[in-house]
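Pasting a structure here, questions to come.
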Amino acid sequence: MSTPTTVPAHLRAAVDAAKERVAALHAELPRWELVVWTAGNVSERVRDPRGADDGSDDLLVIKPSGVSYDDITPDAMVVCDLEGALVEGDRSPSSDTAAHAYVYRHMTDVGGVVHTHSTYATAWAARGEEIPCVLTMMADEFGGPIPVGPFAIIGDDSIGRGIVETLGGHRSPAVLMRNHGPFTIGKDARAAVKAAVMVEEVARTVHVSRQLGEPLPIAAEHVDALYDRYQNVYGQH
Amino acid sequence: MSTPTTVPAHLRAAVDAAKERVAALHAELPRWELVVWTAGNVSERVRDPRGADDGSDDLLVIKPSGVSYDDITPDAMVVCDLEGALVEGDRSPSSDTAAHAYVYRHMTDVGGVVHTHSTYATAWAARGEEIPCVLTMMADEFGGPIPVGPFAIIGDDSIGRGIVETLGGHRSPAVLMRNHGPFTIGKDARAAVKAAVMVEEVARTVHVSRQLGEPLPIAAEHVDALYDRYQNVYGQH
Amino acid sequence: MSTPTTVPAHLRAAVDAAKERVAALHAELPRWELVVWTAGNVSERVRDPRGADDGSDDLLVIKPSGVSYDDITPDAMVVCDLEGALVEGDRSPSSDTAAHAYVYRHMTDVGGVVHTHSTYATAWAARGEEIPCVLTMMADEFGGPIPVGPFAIIGDDSIGRGIVETLGGHRSPAVLMRNHGPFTIGKDARAAVKAAVMVEEVARTVHVSRQLGEPLPIAAEHVDALYDRYQNVYGQH
Amino acid sequence: MSTPTTVPAHLRAAVDAAKERVAALHAELPRWELVVWTAGNVSERVRDPRGADDGSDDLLVIKPSGVSYDDITPDAMVVCDLEGALVEGDRSPSSDTAAHAYVYRHMTDVGGVVHTHSTYATAWAARGEEIPCVLTMMADEFGGPIPVGPFAIIGDDSIGRGIVETLGGHRSPAVLMRNHGPFTIGKDARAAVKAAVMVEEVARTVHVSRQLGEPLPIAAEHVDALYDRYQNVYGQH
């Protein structure tokens, strides 16, 4: 672990902007009923343009540990380096910070990470069962099934390693960590939050569908066509 | 696709009124928990009294693509012709616009269209299974079972064609597009939104009922009597 | 049906107070997620102290038909006689008014009636299956199982008659009308609303419990003891 | 039962602070959808530093019986001694006060007690089935399965005795009282409310998971490691 230092002056504005975004995005977690009490966390990478090419000098902004969603403000957010060490902030970072940091260290394209225990996604995770791709919205967003990551204990790198190893081989921005819950990634924190919302939505819909029978599969070429169009055409460009 | 032009002066007031209604009606989708994030869309036809008798000169007002429900205002709404080409608006229209436009072109009585991925309706759609008419409120609103439309890929007319071909033979204002979700129609956008709310309500209630056994059927003559009364007597006249 | 007249002067204050209560109580229906769109209705009896001993000169206050919950104000409420004929109000009364009126005519102790299509209660009703008394809160409130009433078509007295005949033999203030939904009664509108909230609560809890096995029965003498205590001791006296 | 007296002057400030906390914490019950209507209650112990070593002179602050969540203010809270007798307040204490008082009398470390009929926890309670520990968040918070307490009738000490006897042998701060619902304990009212939120969360998630198969077990040594870390490291220190 590197020694905590301070936010470099040339990253001040970027860190402050990230704190605003990350604080605001935390409100989406209770809004879409993905979390209860103080569970769940959102982080965003702050890239250091003067840092090493591998991004190892980047910072991350995340929620403090065990803090109520009513008390989340930009100033309450904490800043850590990519070893998970505290750089700025009055409180301890989320206990999931090591997992977030591991993902940023090993997936340089990732700009945002979200973790929740949202009910339906966690229910699939408890059975260790991937979610089959039987909805067009799932093909759009995930490009196939949502995979399951290994059982991993908090406290070392095993959660982060499980996320990275599982998502390495998938188009899906979401992984269901066994007996634990979903982690999602994105190009920024907002994209990772969207993936967290969508993984719960499809986990719930496929669960409900399977309660009364077997959902019909979508042919692989249709999944590919939907994914391709959605990633390249949807939204405002 | 026709070339985008501008809103004709004689339709200005009607278009602006439709933008107000359509923007306000979008708030009903998250209110009744039919959508998450930016999913779902409502459109309304603006009839051109000076246009062709087949309604082909009418316009439609719809939500832009990928826009948060927090940012939906009348001014943000976009106007398209019935080929789906943009006529007015700063943003790309919803990626489902082609399907809405196809419905308006081929069903001249339809004045409003709604699409969601609401959980229970989409769960039936994923199994490709129609919802049986076992509730009096379903007989009232839908006049029978809620039918399933074909699997169709976004990007051409196949979704619109699937909606029109399925609803052509039914009293139901709702169709469950296979592996996708519900589309609903109505004499105006408000009626289509009501049908979107009701299709989720009956999809959920019949699902829950079937989880613990088989719901009792309603005799066809009772379905007819309920539908007839509701369509002709209910509400304010 | 009697000819609509006007509210007698000696009932003016009582009618106005009932309109306030009934309008405010309607807000409890969406609050506890018992209704969607314009479904559901609450009524309250206004007793006429100068009227016939059998209560046949009493009035009832109820919601108009097909009106949004956003537009419910005391002034929007309508007044009917106990034949269901309009006495005061600008709009048509709820299409369920005849059922409410029948209950008031035949159950003179009843001061409030509520009807919803709340999901879990309606799901039991669609199977025509009574809810077994396996929760202490159910013993408290309902004193036993919640019974099912007959299938009945709207438009004559058959719904009202089904409610009265079913509740006549039970301690339960709620009946599940087959394929339709719950009706609840109480000494006033507030008590009937409470019963509507509680019938959905117990319908949902017992449903969930039975999804994974068989709930344990409560011995009849314990049901009696709980009901007795709750009806006589609970709350503020 | 001791004779109701008054709050001793040296406890005035502590009682008033507890009333503030207990009133505010009641809002968490409907917020997390643990209660309907007037169900549920939160209490907190007020320790008397001049009282007996066994805590028998302590007081408790609790909600009055049958009062709407809209009407809960610090002033509306009532104060009882640890026999459950009213010491201060205009209204009757919650009908569950005897159970709370019994817990405080027999578990001197307990500073807060919460009771709800939250849906999923009560559904397990109705089957008399403990919730297996198959989620890491459950290992964190409960340190193992959530146990079931005996069937007990309100009106004597049997509920309180059932809680104390069951929780005596467990790390879990929650017990599912058979056919009734969950009771939770904590070092203060806030911790007991958190446990009430979490017991419903895990009851729901494990229920959903088991609907489509069998959740994977977590090895006992992992449960121990998670519990240990969470109790000693999580949150702000």
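Letters A, B, C and D name the chains as they come in the text, with residue numbers starting at 1 for each one.
We take it that a residue touches a chain if its C-beta (ideal position, glycine included) is under 8 Å from a C-beta of that chain, and two chains touch if they have at least 3 such contacts.
Per UniProt, the chains are A, B, C, D = L-ribulose-5-phosphate 4-epimerase.
This one's a predicted model, so the numbers in the text were calculated from it and none came from an experiment.
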What's the call on chain A versus chain B, same or different interface residues, using the half cut on shared numbers? different
Find the chain most remote from chain D, comparing centres computed as mean CA coordinates. B
Averaged-CA centre spacing for the pair chain D and chain B, given as whole angstrom: 47
Could you please state the distance in Å, as a whole number, between where the Cα atoms of chain C are centred and where those of chain D are centred? 33
Out of chain D, which residues touch more than one other chain, so two or more? 211
List the residues on chain A that touch chain D in their complex, please. 36-37, 39, 64-67, 91-92, 95, 117, 119-120, 122-124, 126-129, 151, 153-155, 178-181, 207, 210-211
Interface residues, chain D side, partner chain A - complex: 32, 134-137, 194, 197-198, 201, 204-206, 208-209, 211-216, 218, 222, 225-226, 229, 233-237
